[in-house]
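Note that the chains are named A, B, C and D in the order they appear, and that numbering of residues resets to 1 at the start of each chain.
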Amino acid sequence: MSKVYPTATSALEGLCVNGLTVMSGGFGLCGIPENLIAALRDSGAQNLTVISNNAGVDGFGLGQLLETKQITKMVSSYVGENKEFERQYLGGELELEFNPQGTLAERIRAGGSGIPGFYTKTGVGTLIGEGKEHKEFNGETYILETGLKADLAIIKAWKGDAEGNLIYKATARNFSPMMAMAGKITVAEVDEIVPVGSLDPNFIHTTGIFVQRIVEAKCEKRIEQRTVREA
Amino acid sequence: MSKVYPTATSALEGLCVNGLTVMSGGFGLCGIPENLIAALRDSGAQNLTVISNNAGVDGFGLGQLLETKQITKMVSSYVGENKEFERQYLGGELELEFNPQGTLAERIRAGGSGIPGFYTKTGVGTLIGEGKEHKEFNGETYILETGLKADLAIIKAWKGDAEGNLIYKATARNFSPMMAMAGKITVAEVDEIVPVGSLDPNFIHTTGIFVQRIVEAKCEKRIEQRTVREA
Amino acid sequence: MAWTRDEMAARAAQELEDGFYVNLGIGIPTLVANHIPGGMNVTLQSENGMLGMGPFPTEDEVDPDLINAGKQTITTLPKSSFFDSATSFAMIRGGHIDLSILGAMEVSENGDIANWMIPGKMVKGMGGAMDLVAGVKRCIALFDHTNKRGKSKFIKACTLPLTGQNCIHMVVTDLGVFDRAPGQQRFRLRELAPNVTLDEIQAKTEADVIWT
Amino acid sequence: MAWTRDEMAARAAQELEDGFYVNLGIGIPTLVANHIPGGMNVTLQSENGMLGMGPFPTEDEVDPDLINAGKQTITTLPKSSFFDSATSFAMIRGGHIDLSILGAMEVSENGDIANWMIPGKMVKGMGGAMDLVAGVKRCIALFDHTNKRGKSKFIKACTLPLTGQNCIHMVVTDLGVFDRAPGQQRFRLRELAPNVTLDEIQAKTEADVIWT
């Protein structure tokens, strides 16, 4: 029972059903599972709820799933970079649930860790706190946030092995380690599959227990804000 | 303002007051801050509450603080290896609060993460659940556990730099990364202080923001259950 | 003839499946590691922060920084990974471990387990046991059917303080095997140890189970 | 003469201290990085998962896997470290960041801030702003004193949906500086930009502050 799949399409085989809740890693376009997003689009699965910090850009990343109207609901912290998103949202075609970024990250970690709820100060006294349980601890007010899980998590890592052990590079790590935990099935695409035993056990970011399938795939790695200084 | 101290004693200077709540890293005797424990004992600070998965063995690790009766209360998951502990506990000299090991680890992480409470299934229907708030999520019952913080966290790492960045070795990591987060002041003893920039930023276990003081010190690393097979 | 401890471990090992992540408790459950079928990829978790536990070290390989949850020196395997205790129990609490095999002082007919505390005696603590029984997908209790005075340990209701409620899915004792499918309330006798009669096991079982 | 954006950033940078861990918001706050006094060890956090943010890369150094929270390409420093988003916000929520400097649409006299949403317009989202104002030890709001129509943005009560309640400790605008000590309710005028008169700043401030 190998975890290694030859292509992004085969790595999603049997998983892409209508109505799926999908977590998708990445911050902006950094660390997104480009090939798995494209494969999910090609699967034609409809009526998706997508949990992702951002919504991609027009025509790239999750923007590809928006173009084809496969997404019904987004759970995100920031969605600024996407005209098609704006059009669908303002037109009432797309449901949107904003979460503060740290609350989103912690909800995903909680979901993967068997924690159905936790309290946070973030959002107290704002729209985010409305309708949520409030509770005092040591004289301060907190709100209850719930754990998030997904039927499918698609993430991007730098290197991985056939056991599903993963390492990430730089800030491309972001949400992927928690999403790996919170997905009922987690599929990782990696720049490189390396032999089992070549990753140092002290420095594995996501252990294989959280990863059910893995595929090596080449990423374009588009940059949103190329900012340089003089050499 | 350097984080580096020349000795364990100097690294605790000004911190060892009576009535302190101290977190101490390690699982059994694996990954305990041997030198900082000894320095805490030598400080003479009384009436300590110690949060640590275990309580050391007679005369070593936290056993040293028990011998001198500096500890008033322990918060632990397992304390089996210590006769002096047993004597003081049965004699009513020592208060003991048992936490399930995973609840203890998560309470410490929560304390360091600004999360005052979270729900868990662990302990529902047992003594651990008594007197705690119960709440249903999706038809299942959970109990509320609170975040833990400490005035002082003493931990042990493998290598560290002057910025307080740390890496741990093998299973000596255990509770230390969370305790580093939950200590108002965190002091780390390391096998080796290395130059800033020599630790790979992708593979730092505890970032310097969680570490206020660091000291290089030689550890005995006593083994509790030396178990070997034939070569 | 009842099963030996090693035979009990071998029987429990039959519940392993390829690709399983497993946590083995201290005592008899540790022996299960010796009975993992060849060619089957089973990964052992140690709750102090490791996946892919290897065998005990040779004298040369002993590393004080590398121990299991029983505080014994161990080794790594090529697939091993280390992590902190919060991540370790996120794994356990979050239902990522397929199987936990653990010892018991008492198991009740509704799947409660008591294995951490005897009132009046010095209590060592529950360690990770409460987290394991609450979080792991499937829990097998492995224990001697009766105590030293011949009294059943598979009983109507636990008399000792519980480790967990309604969390045991299979019971393997020296006399036989009982299980219940997810959602089922009652255990059913599945297997008798060689030369153990139905009469004998019934006489030694206080729990109300399905015998046929 | 009111402060320029760069002068505002320079003034905010005077609040930095050696050893501080600081999160800078998008926009004017980003400029604060250019005014860190030489020899002062200040570590910049980027909430997408980095401590020790370095300068923008040269063309050769550009790495798509290395960006800041504004999605700009950046570089590392010798002290840098990377971590996941949950750890990043554990840092923020847990009060480990010493200082956050962020932009604002409105700040109220009791320290509320609104900077994420204008009803009726397309809302991009709060990103990490709500976590930052709720968690960081000290928050400085850096913004133009009035909007384009000359209306005060430092007001009695925010009219826009809040980002956080009672969380701003210092206000730096193009006209001057206001602060309040921990536990104090009201802000006090601390400093005027060069050639800004008390009359002018009072006329442009709706918030009830202590002027002397």
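Note that in this section a residue touches a chain if its C-beta (ideal position, glycine included) is under 8 Å from a C-beta of that chain, and two chains touch if they have at least 3 such contacts.
Predicted model only: the values in this text are computed from it and were never measured.
S.K.: When the contacting C-beta pairs are counted for A-D and for B-D, which pair yields the higher total?
M.R.: Higher C-beta contact count between the two pairs: A-D.
S.K.: Using the average of all C-alpha atoms in each chain as its centre, how far is it in Å between subunit A and subunit D?
M.R.: 28
S.K.: Compute the distance, rounded to whole Å, between the mean C-alpha positions of subunit A and subunit C.
M.R.: That gives a centre separation of 35 Å.
S.K.: Quick check: how many Å separate the C-alpha centres of subunit C and subunit D?
M.R.: Measuring from centre to centre gives 54 Å for this pair.
S.K.: What residues in subunit A touch two or more of the other chains?
M.R.: Where subunit A meets two or more other chains at a single residue, that happens at 106, 109, 113-115, 120-121, 168-170, 201-202.
S.K.: Subunit D: which residues touch two or more other chains?
M.R.: Expected reply: 76, 82-83, 89-90, 92-93, 135.
S.K.: Please give all chain pairs that are in touch with each other.
M.R.: A-B, A-C, A-D, B-C, B-D
S.K.: Name, in rising order, each residue of subunit C that touches subunit B in their complex.
M.R.: Result: residues 46-50, 55-60, 62-74, 76, 82-86, 88-90, 92-93, 112, 117, 122-131, 134-135, 161-166 of subunit C touch subunit B.
S.K.: Sort out for me which residues of subunit A touch subunit D in the complex.
M.R.: 27-31, 53, 76-80, 86, 89-90, 98, 100-106, 108-109, 120-128, 158, 168-178, 205, 221-231
S.K.: What part of subunit A is in contact with subunit B in the complex they form?
M.R.: My answer: residues 106, 110, 113-121, 135, 137-138, 140, 142, 146, 167-170, 200-203.
S.K.: Give every residue of subunit A touching subunit C within the complex, in rising order.
M.R.: 1, 109, 111-115, 161, 163, 165, 181, 196-197, 199, 201-202, 204, 207-210
S.K.: Subunit A touches which residues of subunit C in the complex?
M.R.: 18-19, 21, 41, 43, 45, 51-52, 76, 78-83, 87, 89-97, 135
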